[in-house]
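Structure below; questions to follow.
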Amino acid sequence: MIIVFKPGIPRKKESAVLKEIRKLGYTPHVMRGVARTVVGAIGDELTHANLETLTAQFPDAVESVMPIQKRFKLVSREAHPANSTVRVREHVLGGKRFHVMAGPCSVESEKQLLTTAKAVKAAGATILRGGAFKPRTSPYEFQGLGEKGLKLLDKARRETGLAVITELLSENHAGMVAEYTDIIQIGARNSQNFQLLIAAAKTGKPILLKRGLSMKIEEWLLAGEYVLANENPNLLFCERGIRTFETYTRNTLDLAAIPIVKHESHCPVVIDPSQGAGRADLVATMCKGAVAMGADALLVEVHPNPVEAWSDGAQQLSLEAFAKLMKDLKPFIAAVGRE
Amino acid sequence: MIIVFKPGIPRKKESAVLKEIRKLGYTPHVMRGVARTVVGAIGDELTHANLETLTAQFPDAVESVMPIQKRFKLVSREAHPANSTVRVREHVLGGKRFHVMAGPCSVESEKQLLTTAKAVKAAGATILRGGAFKPRTSPYEFQGLGEKGLKLLDKARRETGLAVITELLSENHAGMVAEYTDIIQIGARNSQNFQLLIAAAKTGKPILLKRGLSMKIEEWLLAGEYVLANENPNLLFCERGIRTFETYTRNTLDLAAIPIVKHESHCPVVIDPSQGAGRADLVATMCKGAVAMGADALLVEVHPNPVEAWSDGAQQLSLEAFAKLMKDLKPFIAAVGRE
Amino acid sequence: MIIVFKPGIPRKKESAVLKEIRKLGYTPHVMRGVARTVVGAIGDELTHANLETLTAQFPDAVESVMPIQKRFKLVSREAHPANSTVRVREHVLGGKRFHVMAGPCSVESEKQLLTTAKAVKAAGATILRGGAFKPRTSPYEFQGLGEKGLKLLDKARRETGLAVITELLSENHAGMVAEYTDIIQIGARNSQNFQLLIAAAKTGKPILLKRGLSMKIEEWLLAGEYVLANENPNLLFCERGIRTFETYTRNTLDLAAIPIVKHESHCPVVIDPSQGAGRADLVATMCKGAVAMGADALLVEVHPNPVEAWSDGAQQLSLEAFAKLMKDLKPFIAAVGRE
Amino acid sequence: MIIVFKPGIPRKKESAVLKEIRKLGYTPHVMRGVARTVVGAIGDELTHANLETLTAQFPDAVESVMPIQKRFKLVSREAHPANSTVRVREHVLGGKRFHVMAGPCSVESEKQLLTTAKAVKAAGATILRGGAFKPRTSPYEFQGLGEKGLKLLDKARRETGLAVITELLSENHAGMVAEYTDIIQIGARNSQNFQLLIAAAKTGKPILLKRGLSMKIEEWLLAGEYVLANENPNLLFCERGIRTFETYTRNTLDLAAIPIVKHESHCPVVIDPSQGAGRADLVATMCKGAVAMGADALLVEVHPNPVEAWSDGAQQLSLEAFAKLMKDLKPFIAAVGRE
C-alpha cells in the first residue's frame, strides 16, 4: 500500500501513523518528495488489513491510501499465463474454434424449443441456450417453466446433439439444473450473489458468469475468483452490456472488455449482444464487432416468432435472421484466424 | 401502449400492424398527426403482451412503442394513498418519530458489539445494525461470523432493549436469520435476487430493501413489489448510493430518491450514508441532508475502533462521532416537524 | 405529444388541461384506456410549445407527457435516405473506401510532425491529424503551439500530400484554422458549445464533431443539426468514448453508436479509439471492432516517441505499431466489403 | 509519482525504466515489496512530464503509474485554509448570510422579468437570475433575447436593487455581458470551454462555474483553477446535477459535492436544484437538503406563469411556490447557524 501524507504534518503525527502501519503488519518505507511525503507499506495486501482506514483514523495527517496489489489471483494471467480452455461435451471453448450459443430467451414449449434447436444447429451453432428459470424485474411477468423447461432442454439436447446452457437462479436448484445442463449461466442480476456462485461452482459444471450492470471489470474478475476458489476451473466471462446514461439501447455493450479481460485473465470471453442491444436490428452488427475484437463465443437470442415471445421479444432474432448472421460472420471469423 | 409509426407508411402495412395489435388483445385507436401517425392501444398492459416487439416484427413501419401504465401496483401511492408505517417491536417507522439504526458493519466479537450497542442506545438510536453474513467482493475477505454473529446480536438486543437489523444472504438462512432479527436487510448486490426477496418476505419480518448500485427507481419499486406480492406489507426502501463516474466518493448518494419514492410509494424511506460516502468525514453532513429531505430513518455504521474494523473501516463512525452526530441532528429533525 | 392523465381525475380538471392544450396550439384527441386516460395532442412539436410544462401546471391531473417527434431534421435519414459523403481534397469519406486519419495528439515540432506524417502516409493513412490548440483539463498543462502548429500542419500537408484535420477551440480562430486545415475538429468538451459549432460551420469546411463525454446520441445528432442548419452539409460524427463508472479504461468506447447513428442519420461515422481507450495496447483491437461494425474512418494518435509526447503519451501508437495496425486491419476492411 | 512493476521483471529491464524516470527529471526510489516492486519517483509532478507514458513504453515491465500530487493549486484549501468570500455589490457570498438567487430561466419580456424580480425580492432573494443568451440542445429552440435581455436585467436591477446573474455563452460577448451583470454564469455545457472561462475571468466579475454533466469533482476544481490562474479570485462553484442512468429526474443532484468541495477548496458553493430535478415539485425538497448540507446559496428558477415559459417550464417555480419555499427554508437556515 502507498500512504500519502498531507503537507506540513508534524513529525510526531507521522510517527503515530507509522506506528499504526507497523501494528497492522506492514513495514513502512518513507519517501520525502517535493510536495508530499509518501510511505510505502511493505507486506502482502491480501493477507493483511486494508490500510484505507488510516484516512479515517488520521484525517488530519493522511490524505489518501492506494493499494498496489491486484486482489484477484486464480483468474489472473499471472497465475496461468496461457489461455485456459473450457471443455463442454465434445467442444472446446477458448480454443481455435469460434462457438455460437443460440436459442430462445425463455423455453416456452416443446415445439418452440425443438424448432429453434434444429434451426440454430443447421445454421452452425453448437450450444443451445434457453431460460427455464427467468429473473424478471416485475413479479407479474412470466417466470419460466422451471423443471419442465429443463426437461425440454434435455430433450432438445438428445434430439439435436447440441450442448445446453441455462440460467441458475436459486442455490436450491443447483443440483437439479446441473443434471440437465452442460453450462450453468449466472445472470447479471446475480453476478455478486456469492452464495449462488459458490453453489454453482460446486456442481463442477462449467460456469458462464455474466457481468453485472454496474460491475467494474475488477469486481467481475473477483466474482469469477469465487468460482475458481471453489475448485471449479471451468469459467467463462460473458459481457452483456453495462448501464450508462444512454437510452437508445437498453445497455451499453462494453466490447473493450474483451481485450481487457484477455489481458488480465486466462479465461475465455463470451459476448451476449442481445441483452446489450435490446434491439434485434443491432445484434448482427455487434456480433461482427465481438468476433473482430477477439471474443471466443457468442450468446445470441433466437426465437421462431419473436413477436409472440413470452419475454424480451424485441431483442430476439428470427430463425432466418440468425441463419443469415451465421453466414455473414464467416469472413470476420476467418479474419481473426479462427474456424 | 402508444405505437408511433414511421412517416410515409402505406396503409396496407398499417393494417397489418393494427391486426397484430388486436391479436395481442388491445383495441387500437389511430391518431393522424402532423408529422407522425400514432396508435393508442387500449387494454390493460399488466395482463397483456408487451407490444414493444412490434418494433422488431415491423422494423420498416413501427418507430417506437411507449408503455403508459406504471408496472408496480401494491407499493404505489395509488394503491395506498396514506403513508404506510412499519412496526418494529415497540417502534413505528414511517410515523412522526424519526429513527436511527446504528452499529458496526460486521459483528466481530461480543465486546465490540455490546460496547457499540450500549453507546448507540445512549446516544438515541433505537435499532442496532450489525452484519453476521457479509457479502464481500473478494472471496479472500472476512465473510462474517454467521450464526454466531446472529446470537451476539440477539444477546445485545436482550441486554439493551434495542431492536435488531441484519442482512440475509442466502434463501437457506431465511428461517434462521428471522429467528434472531427484527428487520431483515436485503443488500444492494441482492436487490434483484428475487428468490431471496421472496424467501425473506415469507418470514413475515419487516424487510429493508437497499437500492442496487445501478437500479432505476422504477426497478427498485418493482423489487419491493416482490415483497408485498408475497403478502408481507412491512417494507422499507433504503437508498445507499448509486454507481456513477465520480470517484471521490465510493458511490453517489441519490438523496432525491427520498421525495421521489415518497411521491410514488407509501412505504417509509431510510438513508444509509455510510455506504454512500465510503468516508466517515462525509457521513454527518449527509445525515443532515437526509433528515431535511424527509427520510424516515437513518442507517449508520458505528464502530468502537474504526481503524481496526474487519470490514469497511474507512466509513464507520467512532462512538464519539456518532454521539455528536445525534446531537447535531436535533435541530434538523425539529425543522421537519418530527421527534 | 402524448399526455397521460392520473387515474380518477374529475372531468372538470380534464377540461382545464384540454383547454390549455388547445391554447398552446395543439388539437387534443382523448383516448379512455383501461387504467389511464391518454390524450394525443396533434400539432407540429417543432413549431409549438413543449407540453411538458403541463406536469408542472397540473400536478394533480397530469402524470406524464411524452414527445412523439424526433427533434433533429436535417441530419436524419428521413431527410436524406442515402448515405451522404464528405469530400476532403481528393478523398471521399463515407463512400466505398475506408479512411484512416493519423498523427500526433499535439503538434510539437517540425521534425516530430514530418516524421510522423511520412510514416503514416507510407502505412496507408490519407489524413494527418495533429493538435495546434489543445484543450487541457489543467491550466498548467501544455496548451499547444497555436498558429505555429497550424503552419507546421500546412507544411506537412504540402510535403506529403496528406489532407489535414485539427481542432478548433475558439470562435475567434475559426477563420485562421480554416485557412490551414481540410477538416475542422470540434472536441468532446466543446460538443455543445453551440457558438463554436456555428462559427466552424460557417467556414464551409467539413466538420468532425466528437461526441461529448455524457452526450446522449439524440443530443449529439442535435448538435450536428447546428452544423447543417448553418448551411454546411459536410458533417462527420466521431465517437471517442463516453464516461461510465468503469475505470480500467479512461472512457467506454460505445461502438454501438456506429450502427445507431447510421440508422438515424445519413452522415459518415468516424471512430477515435485512442481517446476511448487511453491505452495504446487496446487501440489496435478497438480499431478492428470499429471496422467490423461499419465505421467509415478511424482517427488514431501516432507519435514517433510516445513516452516523450507532450500530451496523452499513454495512448499514442509508435510508428511501428501503427504500420502493423494498418496491415492487420486489411482482412477486416475486406470483410465489410470496403477498400 | 508511484510506478508499480509487474512481477518477475529482470533487473536489466528495471534499470531501463529507472533510467527513463531519471531522464524525465525525477529521482527514483525503489521499494521491494512482497508481491510487487514499487518505485517512488520524487519530483514536482506539476512541472515535470507525466510518467503515465511509461506503461506504453515498457508494457512488459510497468503495470501502473499513480500520481500523488493534486493537480489544482489556487482553488485548494492548502492555498487558502480559510473560506473565501465573494463580494457582489453590497452582498457577501460564502459568509454567515445565506443567499438565494432567483428568477426566470429565460428573460422573455419586461413585464415577465419585472414581475418576477419584484416578487422574488419581496420573498427574500438578493440576486436576480435570468438568461439572455440561452444554450439550447436544438437549433430550433428559443435562443434568448441577447443584448435586449441584458438591458432588461439591468433595468430590473435598477428598479429593485437586486444584484444580477446571467450566463455568458461566447468569448466575444464577455465585455458586453460584464457591463450589465454582477455575476457571470458559466453553464454546464461550457464548463470545460477554457477559452470562455479565461475570457470571463478577465472581466474581473465574479464567476459562477456550473459543474459539467459528466465532470469529476477534480476536473471541476481544475476548471475553476483557470479562473483563479487568470487573476480573478471571485469564484463560486455551482452543482446542478450530474448525468447518471436514472431517468426519473433529468439529472442526479450530487449534494455530496457540497462537503467535498468545501473540504478540498475554499470557494463558496451554490446549489441549483431546478436543473438538477427538472421538476418543480422536487425543487423545494432539494433546497432544504442543500441548506442542511452547508451550501452558501441557492439558484432557483422562478416564473410568473411556468406553463407559458419559453424554456424549461417544467422546472420553474411559480411566484407563490417560491414565496412559500423561502418561508419553509427558514428553520433549516437557522439549523445550520446562518441568517
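Letters A, B, C and D mark the chains as written, and numbering starts fresh at 1 in each.
In this text, a residue touches a chain if its C-beta (ideal position, glycine included) is under 8 Å from a C-beta of that chain, and two chains touch if they have at least 3 such contacts.
Everything numeric here is computed off the predicted structure, so don't read it as measured data.
Peer 1: Taking contact as defined at the start, I'd like the list of chains shared as neighbours by chain B and chain C.
Peer 2: Common contact partners of chain B and chain C, which must touch each of the two, are A, D.
Peer 1: So which chain is the furthest away from chain D, centre to centre on CA atoms?
Peer 2: A
Peer 1: Determine the centre-to-centre distance between chain B and chain D, using the mean Cα coordinates as centres, and give it in whole Å.
Peer 2: Once rounded, the distance between the two centres reads 30 Å.
Peer 1: Roughly how far is chain A from chain B, going centre to centre by Cα mean, in whole Å?
Peer 2: Centre-to-centre distance between chain A and chain B: 25 Å.
Peer 1: Of all residues in chain A, which are in touch with two or more distinct other chains?
Peer 2: In chain A, the residues touching two or more other chains are 46, 214, 243-245, 247, 281.
Peer 1: Name, in rising order, each residue of chain D that touches chain B in their complex.
Peer 2: That would be residues 214, 216-218, 242, 244-249, 252-256, 258-260, 263, 276-277, 281-282, 285-286, 288-294, 331-332, 334-336 of chain D.
Peer 1: Could you pull out which chain A residues touch chain B in their complex?
Peer 2: That would be residues 20, 46, 49-50, 52-57, 59, 71-73, 135-140, 169-172, 189-190, 192-196, 212-214, 219, 222-223, 225-226, 229-230, 243, 279-281, 306-309, 313-316 of chain A.
Peer 1: Report the residues of chain D in contact with chain A in the complex, numbered from low to high.
Peer 2: Residues in contact with chain A: 2, 4, 7, 29, 31-36, 38, 40, 42-46, 66, 68-69, 78, 243-245, 247.
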